[in-house]
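First chain A sits with chain B, and in the next complex the same chain sits with chain C.
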Partner chain A sequence: MKAVSALGRVYLAALFLFIFAPIAASFVFSFNSDRFPTLPLGHFTTEWYARAFSRPEVWEAIRNSLIVAAATSVLSTFIGFATAYTDFRYGFRFKQAYLALALLPPTLPLVILGLAMLAWLSQVGLSGTLAGIIIAHVVLATPFAMAICRLRLNQIDPSLEAAAWNLGAGQWMAMRHVILPFCAPAILSALCLTAAVSFDEFVVAWFVSGLNRTVPVMILEILQGNVDPQINAIGTVVFLTSMTLVIAAQVLIFRKRRHE
Partner chain B sequence: MRTSRPLDVYRLVWRLPLLVWQGAFFVVPLAFLAAMTFWLVQNYRMEPAFVLTNWQKTLGRSVFWDAYWLTLGRALLAGVLASVVAFPASYTLAFRMGDSARRFALMCLVVPFFTSFLVRAYAWQVILAEGGPVNAALGTIGLGPFTMLNSGFGAMVGYLTLVLPLVVIFQTWSLAAIDRSLIEAAGNLGASPGRVLVSVILPAARTGLVLGALFAFIMTFGDFVSPFYLGGSKPPTLTILIIDTTKSGQQWPRAAVVALMMIATLFAVAAAALRAAYGGRR
Partner chain C sequence: MTDPLVRFSRVHKRFGTYVAVKSLDLDIQRGEFLALMGPSGCGKTTTLRMLAGLEQPTSGTITIGGKVINDVPPHRRDTPLVWQSLALFPFLNVVENVEFGLRMRGVGATERRDRAMMWLGRMDLKGFETRRIDQLSGGQRQRVALARSLVTEPEMLLLDEPLSALDAHLVIRMQGVLTRLQKDLGITFVYVTHSQSEAFSMADRVVIMGHGAIEQIGRPQEIFRGPKSRFVAEFVGRNNILGGSVTGGMMATPHGPVPVPTADGMAEIVVAADRVAVSRNRPDGTAIRATFLSEEFAGTGIICYFETPDGAEWKAQVTEAQLADLQPESGQDFWLSWDSGAVHVMRG
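Coming up: the complex of A and B.
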């Protein structure tokens, strides 16, 4: 049984290696002098970073990405929280359909959503604008915010809110002094996670962006040209950003709170 | 007759945002996508109409059906392959590791789900290249070089990178939830480990196993990065067909026909899988 267990751990390690190999490789290649990296590796260099970040269009893309991610994060977290609270607090007809609408969007292939968005936003004159990308990203990110807030609301004692009402607090007051403080970590977590969703999304953004490229869309367009190690440099920065956001989101929602 | 209630502003403030946003920017665009398939394209502009031309032209071409069966076949294969590859790892996580180690591993697996798949595919492009690190390593023991990119193999590497984390999470979650005394009882009654696996563990973990495979299918079916950057884009998958049709010219209605065929297929497969995951419970 011991041998089986050890074998299982080796297998697990190999699987993790496969999953994380591209992330690690991109990091290593970004500091490696070879244009076509192979074994043995070339020497250490920061040339690719210097080249990539001396391009004005890279900074333009970073600016666009930050605007889109920030707007998406705030909007989708608000909608996600409102939806989670509605599910927690109220029962109503068609609630199943309501929840399906809240959770389905990420299961639709992004290429299809991209095409639908492009066609629709062109009709209403919003295609090619940052607003168009934000609109689409909020659609995609809201379900994640909703899930996180709902998870948190699961842990609240429903009588807590009722107790506040009995003590004379209005609904708004109970929301502000009971529900919101209790959900604060989840809301912060959702803000981080939805920002990460937006920051990495390139399919829909590519369809609707026009000339307003975000970082991943720029990467996609560079990739259609040639092998270029600058991608590894930009990619490493993108990885570190989204990993920081996702880990922050997880720590916020899962960390053990002392006074609970 | 329903009794009419006074307008409850508080309730609406929390309920309406989702309905308004996902209604205006998810439901309506999808409805428009469907309507668009009946429109006409004239002088590079879409014009409202009700014609079946787009459906006939798209479904009448063999390139569509080749792409359809290729995409469906690959997605089914990826669903099965990812489930099989993930299972030993999920089993180890669920039964051979402590709670905190398992939680940590699962938290790690969530991370790649939210990191740029595009950059990861590019890294595979470099790793698997003719003169890349893998072939260099194989060369030192006298093997290769192998052509791994621009092939079904390359695409499958991409698909697995994309879906494995999620499949492991689903499987581990359902395996870890199995009542341990059930497994011990089967062992005490003389069932061999293989018998315990087939007759006790697999049925008990059915929901997670099927959902894992379903999500692997959905993600593979809709992915265009793996077939495009690692699979060489020829022959095209449905996603590549949509992009080509959209980006090169104004044939959006025909791309929309492909998209609707994909949605119909996803519905059918998801319905079958959900029945397999939850149905037949007594």
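Coming up: the complex of A and C.
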């Protein structure tokens, strides 16, 4: 594995270029004075940021997104950890089915999930509310939290929890003083990743959000009116927020791995 | 004899359809160093885990200090265990690991720190208290695990193959540490191992287990020289076993009659490898013919392996000088002989 062939490197570079060029373009044009995204560039400006963030509905959407992301990350990490711990600790009949069900939501087509959520949430009177979006996002994000926590629990010495009991810790004490500290990096990582999943999520949010729009839903609504460089400005902020969360999630996992 | 500290009475343990321990009766005395020894799957670790409350007996009772403890959860027992993996907490430093047991029992911060530091000093770990576990050597971790288990000053300490991960030279040193510790503290050690040298060099009494049941209990010397069954003789190792029907003090064997001092009937005899003499010419008295296979350097001498014409393996322990005299080559035939006093008789 020493020398990746030159062809391989070129291929890899092309791949990353293909993925990141549109995002980079959006970033560049968000600071470009021209109305339309054309070359050559005009001069540098922060006008689009100023305009975008002077609109009250943008701030409203950001507030909604933050509330939904925060609630989603806490709830789905809690449920995801509990599910992963159940898998780690107990053996029972239908465990495989239980795990498959727990990991299922991200494999469903989002449109189907969004429609189903809309139908169900309006039955219980939650469609169009932030609580409704949170519920939908928890369903989507929990499997990610569970996967991260499972990864961590797989690394634990199986004797560690029993060692805590053996030293006088009851079930809850062992959970608090051994399992949770051991899983802390994974839990923090899951909090970041699930927040990112929720903050970015468009399809399901579009179905269930109603008037309480989140940022991605608002972006689409602005886009439908016209092509506006404000979208680039908002998009750049959203992208940087998500990337920060995802990178934080990665760093938390890898930093802990290094000294084990 | 005083009341035993621990008593297993007719203890069974099943996992599904698998019987891990069957009909176990065992008394463990206060202050003794008891080794549970046997091949893997013999039930020794299950027995230890039942004592710690990590497994529940399917039937039968276990008492500690006269009280039945079958239903007492592990955290309400004072039966600290030194784990095979050591199971030190990687997110805590050395002193935090050691004081864990006291913290779980609600001992105040200053007192538990003092007691943990005392044990660290006792285990030659002064100056390591703020180290992370992954910054310690194998021997140091071992001593942290011991300190962590002993900090609550328990009446007994359970050890589950604690030395199996150490280098050979450290094993010998830790054996010394453990024996001295047990004598100094005067508490009961229950030590699970599959290693004969560990069990025989440290324990006051050895329990040999096989297939979930006790095969033999005794002092190391008793078990070494007087195995009660073929299982024990084979497990203890370096024993040669010969079976046959005895009439008039002679056993009929594939190698001809062999004098055996026992009553008529079927019997098996054990001749320990260190009591077998090897020679090129037929000696006087009992001797059997066998083909040399190979030799192996062991701590106490050199073990030579032979095969008899009926396909049985025989072992003889010789000194280096004897080996130099014999100059055995693979495929050569030799005579194996022994004093009739060296024969140990087992009856089925």
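By definition in this document, the second predicted complex is superposed on the first by the 251 of 260 C-alpha atoms of A that agree within 3 Å, B and C clash if a C-alpha of one lies under 4 Å from a C-alpha of the other, contacts with A are read in each partner's own complex, and residues count from 1 in each chain.
As a working rule, a residue touches a chain if its C-beta (ideal position, glycine included) is under 8 Å from a C-beta of that chain, and two chains touch if they have at least 3 such contacts.
Just so it is clear, the structure is predicted and the values come from calculations on it, not from any experiment.
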Fit or clash - chain C, chain B, common chain A: fit
After superposition on the shared chain, which partner residues are touched by A:Ser159: those of chain B (first), chain C (second), both, or neither? second
Would you sort A:Gly168 into first (chain B), second (chain C), both or neither based on which partner it touches? second
After the superposition on A, what does A:Ala61 contact: first (chain B), second (chain C), both or neither? neither
Touching A:Phe36, do we find chain B (first), chain C (second), both, or neither? first
Chosen between chain B and chain C, the partner touching more chain A residues is B
Check whether A:Ala145 is in contact with chain B, with chain C, with both or with neither, and answer first, second, both or neither. neither
Touch check for A:Ser242: first (chain B), second (chain C), both, or neither? first
Thinking of the overlay built on chain A, is A:Ala184 touched by chain B (first), by chain C (second), by both, or by neither? second
In the overlaid three-chain picture, which partner chain does A:Val204 touch, first (chain B) or second (chain C), both, or neither? neither
Chain C versus chain B - closest C-alpha approach in the superposed model, Å: 12
Please identify the positions on chain A that touch both chain B and chain C, taking each partner from its own complex. none
Touching chain B in the complex, chain A uses residues 5, 8-9, 11-12, 15-16, 18-23, 25-26, 29, 36-40, 75, 78-79, 82-83, 85-86, 89-90, 98, 101-102, 105, 107-113, 115-121, 123, 135-136, 138-139, 142, 146, 171-172, 193, 196-197, 200, 202-203, 207, 216, 219-220, 223, 227, 231-232, 234-235, 238-239, 242-243, 245-247, 250, 254
In their shared complex, chain A is touched by residues of chain B numbered 10-11, 13-15, 17-19, 21-23, 25-30, 32-33, 36, 46, 85-86, 88-89, 91-93, 96, 103, 105, 107-112, 114-127, 129, 131-133, 135-137, 160-161, 164-165, 168, 218, 221-224, 229, 239, 242-243, 246, 252, 255-256, 259, 262-263, 266, 270
Please name which positions on chain A make contact with chain C in the complex. 157, 159-160, 162-170, 173-174, 177-178, 181-182, 184, 259-260
List the residues on chain C that touch chain A in their complex, please. 52-54, 73-75, 78-81, 83-85, 87, 89-92, 100-101, 103-105, 132, 134, 148-149, 152
